[in-house]
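After this come two complexes, each holding chain A, first together with chain B and then together with chain C.
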Partner chain A sequence: MDDLRGIERAIEMQETKIAAKGVDVFYGDTHAIKDVNVEIAEKTVTAFIGPSGCGKSTFLRCLNRMNDTIDVARVSGSIMLDGEDIYDPKVDPVQLRAKVGMVFQKPNPFPKSIYDNIAYGPRIHGLASGKAELDEIVEKSLRRGAIWEEVKDRLDQPGTGLSGGQQQRLCIARAIATEPEVLLMDEPCSALDPIATAQVEELIDELRQNYSVVIVTHSMQQAARVSQKTAFFHLGDLVEFGETATIFTNPVDSRTESYITGRIG
Partner chain B sequence: MAIWLLVLIVLAMGFAGFVLGRKRALNAVGGNIRNLHSLPSYYGQTVFIFAIVPAFLLMICWLILEPFYIESRVSGMIDPTEIADGSSTSLVMSDVRRISSGLDTAVDRGVLREGDLDGMRNDLDTLRARLGDVGVAVGSDIKQSVFLAAQEYRSIGATLRGVMSGVVLLLSIAAAAWAFLRLTPEFRARNVTEAAIKVLLILASSVAVMTTIGIVMSLIFETSNFFKMYPLSEFLFSTTWNPQFRGGSDLGILPLLWGTLYVSFVALLVAVPVGLFSAIYLAEYATKRVRTFAKPVIEILAGIPTIVYGLFALITVGPLLRDYFAQPLGLGASSSSVMTAGLVMGIMLIPFVSSLSDDIINAVPQSMRDGSYGLGATQSETVRQVIIPAALPGIIGAILLAASRAIGETMIVVLGAGAAAKLSLNPFEAMTTITVKIVSQLTGDTEFASPETLVAFALGLSLFVVTLGLNVLALWIVRRYREQYE
Partner chain C sequence: MNELHIASAFDRDLEAIQAILMKMGGMVETAILDSAKSLETRDVELAEQVRKKDKAIDALEEQVNEEAARLIALRAPTAGDLRTVLTVIKISANLERCGDYAKNLAKRTSVLAQTTSVEGTSTSIRRMSREVQMMLKDALDAYIQRDADLAEQIIQRDEDVDQMYTALFRELLTHMMEDPRNITPCMHLHFIAKNIERMGDHVTSVAEQVVYLVTGQMPDDARPKQDRTPFMTEEG
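What follows is the complex of A and B.
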């Protein structure tokens, strides 16, 4: 109990990174997200849990405007990143996505070499002024992605040739390489075996030192293991949001309790 | 017995076998199909297959071999000294075949009676007139030996046909009965059907392979005839194309090959960028509404016959290029030019490139795009750096397919580029291609044994080699990039 309190105190000190107020999302006629209010703190892992189709991935995709790429999706409400509305017409979604990186459910390395996969973002955004600097970024990102030791001798080989767990860590390293401030992860471990999952979870815990991490997960154990804050979504509603320890030990809402004890979902 | 009747009977036996086999299987288990290895209809199918397949195979082989056998028997009856000058045994034998089939027709129609035929051997003029009545024209007078040979041909043919009918029916019954008697509840009838379907599929695919081999063999055969009359080195390295039907022609392939490659190059220069860009627009940028409208419209281009493109080249594009580009630039005064044909052919190829590339780009998984957008890439960065590399093998395949079409295209070149074989770099000059020359060497009143005609086959083979080379290149590129990307 002592260390839990320690984490709580640490969280209270963090500032709010993303503040979502009254967010509604429509897919055509479907009301996918209903009036969601969430504050995501800096240097914290926030987990979104809930049964399938509850809107947690949809909401995650609102945070870096990935829903823009879907024609029928419509978002209303305000989402502030460092006090700036990301849906403001002045905001360039492309720049925003460089700041708010994303890791997807299925590992999706590009059909390029490992090196080029990592260098993709830095090259696009002009983060490196020369080959040496780019090499440095690639190495740093791969180290932070906890995969450097495994791939350092074969950077020129295709990223698609790695195992599933390695591919996912490569994708995380790729997202880190553009130096985002927030990292969104959409069920990053659902396609991985338990060993790879453990490696990725360990990595997420390390990433907390530098980034805000938002992770969508189906596994409540995973949410409990890696996150400090948890949001429970159900049928498009944000049912409960609070400290992970509180949500899992002493939920306020009966639906949350039913879900975490396995009665619904 | 007529062939069609025999076929019908065998098929009828097959269906009877189906019903019986099904029934036997059902009876063997007292109607409880759970105790059968396969569904009852599979047992029926087994008997059906055994009833018809061996019988039909035998029939096909018999019908193929029968003429050879009869001919070897009959040709001995023709006295070699009776063969007229300028004729040959094979010509006389074709007379024999024609007369015998004419006699068959005449007997069928009641113009002649079977019994009268023997008496007619001394009255061959009347016979010729009678045959003329039923639509069989016989060139020269019918010699007695030819008539006798034709009669012999008929009688052997009739005997063999009768024997065949008997043997085929017997085989059908025997095979069906053999299969029928082996039907037990444990018999694996569905596996028999499975094997039969597999054989059918293999046969279907080997038709394509066999046809290709057949085409290549016939090309090679005629080409070797050509090279007996005309030196290979001249054909490959001579820079003049000047066929003379009096003989002494220059038949160098180089000007034609150059024309072909030049026109195709111009065509690809038009088709590849336009087609690829329109594919990218349709696949990545266009809204659904635009796409459902634009894609079919582009594909309409593919449905226009090439002769219509040729007309377009001849009356619109050619004069336009001549008046506004070639003449002001001092590059020539011909409306038929490489440029004309190349441009129009390029337009023709746009739908090939765009439609195939569009499908290939659409096949790139959405996760690739998500990954790139998620890193803050714009659409064009994503297309250039992720989608095109991922789709590259397919796109190259599409381009090479278009190139094969361009090399094989004839009508647009005839009408757009002219028929003059020339080696020139000026794209506003008239040139011609291999395909056009194949047509012009084979049409008209030509003797089939002169190098001027046979060169068409050598040209065809060269064309085949070029497109084969392109395909091999395409495969190589695709495999290379596959290794790198997947």
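What follows is the complex of A and C.
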């Protein structure tokens, strides 16, 4: 029990990494996100849960300006990363996305070798000065992605030849190769079997040492297992945000309770 | 929150386990009343029935535990559902203990039926057990109604039981000092009174579980302690 309390205290002490204030998102006339205020803490796993269409993925995509790529999407309000507005015209979205990495629902390795999948980001961002340094980044990323042992003897083979779970860990390794500060994960385990899911969850817990992780998941049990903070979205509103243990034992809002206990709400 | 689960089998499981608990509660209420009645009327046969029926109460507790384990494993309950399962387990343990105390009361009745009666005490004991049984009935009602206010009142009422016990303790002490032949029955009666007082504590614990079930918080331990017997001497 003492250990648990220690962890909780540590979370309390973490500083805010991303602060979203009064965020609204519209897709054309559809009001997808309604005045959301949330603070994502440093070195913490934050889970976004909620029924389909509640806006959790939309909000996640605001955090590294992925919604810029959708013509009809309009974002207002402020999202500050380390105190800087990421929607400031001076901010280069490409640089931003190197800092705020993303992993998607379906593993999407590039149709290249395992090595090049990882090396691609560091190369275009000029993070390595030579082959030796690049090799080092590739190995380090694959190790952190908990997949090095499985692929170290076949780095020249295509990434698409790996199993689903391995591909997803490869994509996570690729996302952390550019040394991001925040990692966004949109349903990273929904295409994986329970073993691969457990490996990715273990990886998420390790990543927490260095990164802020924000994970969107439909699996409430996954949110309960991996996160320290949970945000519940419903119809575009952020209904409740708090300690994961509190959300799952004694939520404040009746809508949260209805959703997490599997009731019609 | 009275909405139904999307998985209706989950609702059926939760209802089933609570139904077992209520059945158990009803049997314990009967055991308390019957054991006290058997003592007052020196009805050895009724006492024997109470002793036999305790096995059924124990079996129900086993059943509650098995169902709870199954529900946790298969349904992974959260929030209010989780609190329901946790409180069902704890309350069933409280009820089982009450059943044991009633059984013990019945056992002592068989012995007491062969000794001289001590004036007035079995009526006091009956009144005390009646109060505990009423508290238990209300606690089970509070559980079903999810009524935390009622549960809080029950917690306060344990004070009355403690006071009755203290009064009985004095009474028994007086009887023993008056006539040493009273010592054997009074010792038994004292254990009986103490056991009923303990039942009151278990019922209080049931009421506390109701508060936890409804609010997610255990009630503050502000209950006044009225059992002064640990500090009492012959001079009282």
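FYI, the second predicted complex is superposed on the first by the 259 of 265 C-alpha atoms of A that agree within 3 Å, B and C clash if a C-alpha of one lies under 4 Å from a C-alpha of the other, contacts with A are read in each partner's own complex, and residues count from 1 in each chain.
Note that contacts are C-beta pairs under 8 Å (C-beta built on N, C-alpha and C of every residue); 3 or more make two chains touch, one makes a residue touch a chain.
Quantities reported herein were computed from a predicted structural model and do not represent experimental measurements.
For the composite obtained by superposing both complexes on chain A, the positions of chain B and chain C are free of clash and fit together. Touch criterion met: A:260 reaches chain C, while chain B stays clear of it.
In the superposed model, A:160 lies in contact with chain B only, and not with chain C. With chain A as the common frame, chain A serves as the apex of an angle whose CA-centre rays point to chain B and chain C; its value is 130 degrees, to a multiple of 10.
Contact with neither chain B nor chain C is seen for A:130 once the two complexes are overlaid on the shared chain. Of the two partner chains placed around the shared chain by superposition, chain C is the only one that A:248 touches, whereas chain B remains out of contact.
Within the superposed three-chain model, A:220 lies in touch with chain C and out of touch with chain B [touch as defined at top]. Measured by the number of chain A residues touched, the leading partner among chain B and chain C is B.
Closest contact between chain B and chain C, by C-alpha atoms in the overlaid model: 33 Å. For chain C in complex with chain A, the residues that touch the partner chain are 1, 3-7, 10, 76-83, 216-217. The residues of chain B lying in touch with chain A in their complex are 287-288, 365, 367-378, 381, 385-386, 389-390, 484-486. On chain A, the positions that touch chain C within their shared complex are 220-221, 224, 248-251, 254, 256-258, 260-265. The touching residues of chain A, when paired with chain B in their complex, are 64, 66, 69, 71, 94-99, 101-104, 106, 108-112, 120-121, 124-125, 158, 160, 171, 174-175, 178.
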